[in-house]
Amino acid sequence: MGLEQALADFFNHMGLLHLTVGNIVMIIVGLTLVYLAIRYKMEPLLLLPIGISAVLVNLPFSHLANWPLAPQLPPDIQGNIFETVKYMNQHYGPPGIFDLIYYLLIKTEVVPLLIFFGLGAMTDFGPMIADPKTALLGAAAQIGVFVAMLAAILLGFDLKEAASIGIIGGADGPTTIYLTTKLAPHILSATAVAAYSYMSLVPLIQPPVIKALTTPEERRIRMEQLRPVSKREKILFPIASMIVIGLLVPSAAPLIGMLMIGNLFRESGVVQRLSKAAQEELMNIVTIFLGLGVGSTMRAESFLTAKTLMILGLGIVAFASATAGGVLFGKLMMKLSGGKINPMIGAAGVSAVPMSARVVQKLASEEDPGNFILMHAMGPNVAGVIGTAVVAGVFLSALG
Amino acid sequence: MAEFLEGLYITVLGVTVVFAVLSILAIVMYGIGWSEKRLVEKEKPKNIEEKPAEKREEVKEEKGLDEKKIAIITAAIMAYLSQKRPKEVPIKRKPSQNWWLSGLTTYVEEVENFNYEIGKW
Amino acid sequence: MGLEQALADFFNHMGLLHLTVGNIVMIIVGLTLVYLAIRYKMEPLLLLPIGISAVLVNLPFSHLANWPLAPQLPPDIQGNIFETVKYMNQHYGPPGIFDLIYYLLIKTEVVPLLIFFGLGAMTDFGPMIADPKTALLGAAAQIGVFVAMLAAILLGFDLKEAASIGIIGGADGPTTIYLTTKLAPHILSATAVAAYSYMSLVPLIQPPVIKALTTPEERRIRMEQLRPVSKREKILFPIASMIVIGLLVPSAAPLIGMLMIGNLFRESGVVQRLSKAAQEELMNIVTIFLGLGVGSTMRAESFLTAKTLMILGLGIVAFASATAGGVLFGKLMMKLSGGKINPMIGAAGVSAVPMSARVVQKLASEEDPGNFILMHAMGPNVAGVIGTAVVAGVFLSALG
Amino acid sequence: MAEFLEGLYITVLGVTVVFAVLSILAIVMYGIGWSEKRLVEKEKPKNIEEKPAEKREEVKEEKGLDEKKIAIITAAIMAYLSQKRPKEVPIKRKPSQNWWLSGLTTYVEEVENFNYEIGKW
Amino acid sequence: MGLEQALADFFNHMGLLHLTVGNIVMIIVGLTLVYLAIRYKMEPLLLLPIGISAVLVNLPFSHLANWPLAPQLPPDIQGNIFETVKYMNQHYGPPGIFDLIYYLLIKTEVVPLLIFFGLGAMTDFGPMIADPKTALLGAAAQIGVFVAMLAAILLGFDLKEAASIGIIGGADGPTTIYLTTKLAPHILSATAVAAYSYMSLVPLIQPPVIKALTTPEERRIRMEQLRPVSKREKILFPIASMIVIGLLVPSAAPLIGMLMIGNLFRESGVVQRLSKAAQEELMNIVTIFLGLGVGSTMRAESFLTAKTLMILGLGIVAFASATAGGVLFGKLMMKLSGGKINPMIGAAGVSAVPMSARVVQKLASEEDPGNFILMHAMGPNVAGVIGTAVVAGVFLSALG
Amino acid sequence: MAEFLEGLYITVLGVTVVFAVLSILAIVMYGIGWSEKRLVEKEKPKNIEEKPAEKREEVKEEKGLDEKKIAIITAAIMAYLSQKRPKEVPIKRKPSQNWWLSGLTTYVEEVENFNYEIGKW
């Protein structure tokens, strides 16, 4: 090999010379996410890693992610993760670090489930236990999921894609990632980015919808003080709900099971060490891998399509109709309860915890500064997490 | 259109299931709440005798210790501890460890500040 | 697919309709462990995850653990973990999160060894270094392991099962899990649950045995103050014992090696960062995986057998005879030393650190409130950890 | 019966090995202890001269600083720091971050308390 | 099986009887590293785990590392990590914990890249941003890498080995491990040990070289106060450098990318949770695995060769010539700037951060106690990390 | 010799590339620095009006609160907290948990110290 040859080889593999328009656009998209995360603190824990990882994988030959996301696999190895990685290595070369994260940690569900485990350890289901009927509002908000799904079908998406798009309306990042990975991995980056982006835009998306559907009088409704919840109840709740939901919707058991194990660790009070680990050491590490892994799926070929734009549009539809679903059911409950329930708390069934509950509180305060319904809104809020996981279970059992 | 119809079926199924599940969960929670209430009522009579005693004790403690005195005592203890601690752990960090111990930055900033201070003169 | 079909399908896969009596019993067993862990704080860091994980895996179709524990494998792939997981995926579908934990983290020894690593970083071998002869009491207590093993053989267990059952008497959870995983994985859940349960019952199991074998005079024996141990000795000890044991019983080298690396990290004083990680970050994460993984092996088909009841019975035999072995050897040492050794400290050779040492102290205080032998009991106590690992090594080399 | 016999063999082997290993380990530890003792004896003469000096120093320090004064100084430093710190790190948490930062609970509990307080009026 | 047979078998597998001279020498080498780490605090976070792990793997039959390091693989599975581990398991038995660490975490680049990620989160690039021209000194110091490489070729090493040896002169442990694992895994232990040992010997290696190449007058040169660097600049830097270097030298993208992601996490200020995890939880765990994994490659057959001695010798050559390269380029810059640059700061281009910068400061203080150039030396110091990663990228693209 | 020649080629390539890359990076950094400078200049006029206000406020605060008073208040708060906290979290550790909680050592050392104390009498 002469020097000229060496130089020629080196230049031939210089990424700069292989940069496509798609790469450039994706780099800009990634940088935009980074900017939004840093400047406006939009879900920075996810959107910052996602954005910067999208930048990196769109530098040609960067070898952080070498494998395609939705490869054509021989039929006999589909569904066999161990055969799949072997095949990928054979056909696309050794895995980059992002391939390992995506194929071994995200596609195997490990990371989304561990995040749910950590969320369980962080969540206080007290407000829902204190007033169980508010759990129904967490169910009502799931209507948005189905509205968006149907809209997606009308726009030409197939059923599996439509379900993955609809679930964005559940406003639960890990559930969205979990379901999309299983049903339609080729649109993972779009649904994940939509879910996290809109979650952070809840304070902009929800108020107009809520205001359009409620009167100032309704927004002014004060609610009774929530009863205190004992430690015993808080311990029994995760156990009971894990068994109840596990027996009714087994396909939701992984999500609900891990969430409730985390919550039991939290409430039991005897394993603080493990509860802390679930919330901190493990959660932080897993969050890093989730962000980098999801971001690494933002490739020009799969992201820069009309589908992505439609998904972003449908995401708004999903959030708005979920809000509407919750508020309308809230109005029904208000009527049935003789005006004891502020219908706005239904909007908190969109589970961007605790943001949508805060939005509700803010709107209540605007009408009446002495009206405190945040805690009442927390009930539907955490119920919405459960509701979305149940819906994901239904999708998996019907389509998976 | 077949797809949309199937979507509708799934919607009906899904909405039914999610309402059913959360309703059942709500009923279970009402059950838990109700049994908790009964349990607490059963336990109360016993606790009534105990609790006042506890409370009295607490009150005593609070009266017994004047806040001002506590303040001084606390500060004294802290001062004593702060005097003790550095001797107990005579940390001798090696430069290379600073890097690992993320001390690099702190160190660097220290010097930076120092340099700026000098720059002023 | 019509709505009726969809509904029928959904109901056909509803776990509730497939719940077997075995499942129900296992769920109750799991809940009992959770109750004991929370209410009586019985080894909560292990028994809580084990119990709740047992509940989850016994909900039909819950997809957290899809793979059988002791599958019939083609002979050419036995012992090849990578072929095995591929085969399992092919025959039993994609792994659930608990399958991944069990097959990739526990069966590969990674988790038990990392726990031993953390335990090493937590253990102070000082009391044993100060009075090396007490190490022999840690050997004597291993007699219980062999008594239980022989009893198990008489009850019809085969040699490998019997060895796994006997090791319960060593009172070291990770060692029990390590050995059982290698020799008799189908009884893992029974031996693990027995080991951790009885460890937390040491204050109930040991005192009657000790009292039956000692006179009040013997229990009153005061022991000489232990000499101080220098930092240099504490650093040399893990290195020396790793080499000595590694050369004599190579099959015990993984357990002893990881234990002693952890201890060297601790005592060296120059890698506090790593020592802390071994004791905290890493330990917590690994403990979560150990508990969930072991609990996921509590399936009706393998747990609800007469064998399990026998194992639980033999576990008590193991603990009691280990205590007796320690105390009797303690009496021998008392005679030989001219009454300078309190024979009770032999009971601490059962290594449930530091509980059995505390039991001994309590019995000493009962006879003579001024008698402090806790530190002397810590010597046999930590020696018992080493002793059990050595016995496990012998089992592996003879049967593995 | 063959199994039991084999079990007996393993028992004899195992008991022998575990006693042998721990005996050898004990001997090694006695060896370490003995060499440590010799090393310390060798080092002692040097240390005797150094140690008193150290001790004197410590005593001085303790004398030099009146505990009361230290208490006041410490408290003052702490007060100063507590005044400084909040300004240096003007944390502006976004609601969604609260959730992540496990702050959710704290926040929820805060409001819960607040609600109860209001409930009392 | 009779008792005699059992005993015979046991003794036949007693490690003591199979100890080779090579093993004994390697154990002594390992213990020496442990001693240096504890007694002289020589890079203890790496050299302590490496040393003790070397001791363990050289106890015969210890089963912590069963697989060879550079096995003869059938051509069709070379480069396929998943086929490789399967093949290894088939031919050399189940993996020990160190085999898993080495083959799955180190050989796949995961650990070195995660260390770079953590280093990025720990590094303040401020001094380099404040005075960008000093970055060139970080390039100049790489000359040492090439000098050592050429020397290695002359001594008979092949190109891939020579490149791995040369990179020692970059004074970046993870980069050395990353490159050697890819180009010449059979000399990994030698290059890793050389890199970390000499990094801690920088205060001994550099001063004579610096003094030989500079006059006291030059060492006395004071430099202008560095300008303050804004948060915005610190955020833009990792993004810009990731893109620039990624486009120019794609093969350096994994190292530089992970480094800069870590740095962006740090400087963004919105993901402290993740930045802390990168620096602590994750870093500590990964460091443990790196040390144990690298140490486990110190086998007699691959380490005890004339090559290792030559590598240790060439390592010194690399460090010395890197220092010289930096200082000489520093003198050039001094001339061009009209004496405004202290040439010594070029020596800090050897990136043992922050040690070489401190060495420079110490030499400056010796000549003039009021001369503060530490911050100016930090520029080349962090630039040296980037420079070495770029050189590693060139090697990979030319030889990999 | 062919190998050495190739090594030389790589050296030329590598040195060129590393200098080129770091030069470009330096230019980029100069660019960032220059645009930062321009941005700051643009922003300055606005800040001038704001900053003095802030500063005055700070000064006020510092004047308003006498250091001595703060010291006493801080200490009082701390004393109050230290009085409160133990009651809120009545930790009842089980022995076995000590082991896990790495408390073993601490505990052991405690007893060790205690034993030594006794040994003195």
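Every chain is named by a letter (A, B, C, D, E and F) in the order it is written, and numbering of its residues begins at 1.
Assume a residue touches a chain if its C-beta (ideal position, glycine included) is under 8 Å from a C-beta of that chain, and two chains touch if they have at least 3 such contacts.
Heads up on the chains, UniProt names are A, C, E = Glutaconyl-CoA decarboxylase subunit beta; B, D, F = Methylmalonyl-CoA epimerase.
Bear in mind the structure is a predicted one, so any value in this text is a computation, not a measurement.
**Q** Return the chain whose centre of C-alpha atoms lies at maximal distance from the corresponding centre of subunit D.
**A** Most remote chain from subunit D, centroid-wise, comes out as A.
**Q** Is it true that over half of the residue numbers where subunit C touches subunit E are used by both copies, so same, or is it different?
**A** Counting which numbers both chains contribute, under half are shared, so the two copies meet through different residues.
**Q** Can you check how far apart subunit C and subunit D are, centre to centre, with Cα atoms defining each centre and the answer in Å?
**A** That pair's centroid distance is 26 Å.
**Q** Between subunit B and subunit F, tell me the centre distance in angstrom, where each centre is the average of that chain's C-alpha atoms.
**A** 20
**Q** Based only on mean CA positions, could you tell me how far subunit C sits from subunit F in angstrom?
**A** About 39 Å separates the centre of subunit C from that of subunit F.
**Q** Among the residues of subunit F, pick out those that touch two or more other chains and give their numbers.
**A** Residue numbers touching two or more other chains: 6, 10, 13, 17, 71-72, 75, 78, 100.
**Q** Give me the residue numbers in subunit E that touch at least two other chains, ranges are fine.
**A** Only 6, 10, 41, 44-45, 82, 248-249, 273, 280-281, 287, 394, 398 qualify.
**Q** Sort out for me which residues of subunit A touch subunit E in the complex.
**A** Answer in residue numbers: 6, 9-10, 13-16, 19, 27, 31, 34, 37-38, 41, 44-45, 48-49, 52-53, 55-56, 59-64, 82, 85-86, 89-90, 93-97, 100, 280-281, 284-285, 287-288, 291-292.
**Q** Once bound in the complex, which stretches of subunit D touch subunit C?
**A** 3-4, 6-8, 10-11, 13-15, 17-30, 32-33, 36, 39-40
**Q** In their shared complex, at which residues does subunit C touch subunit E?
**A** So the residues of subunit C in touch with subunit E come to 79-83, 108-110, 113, 235, 239, 242-243, 246-251, 253-254, 257-258, 261, 264-265, 268-271, 273-274, 276-278, 281-282, 394, 397-398.
**Q** Mind listing the subunit C positions that touch subunit B in their complex?
**A** Touch list, subunit C to subunit B: 1-3, 6-7, 10, 273.
**Q** Sort out for me which residues of subunit B touch subunit C in the complex.
**A** Those in contact with subunit C are residues 6, 9-10, 12-13, 17, 100-101.
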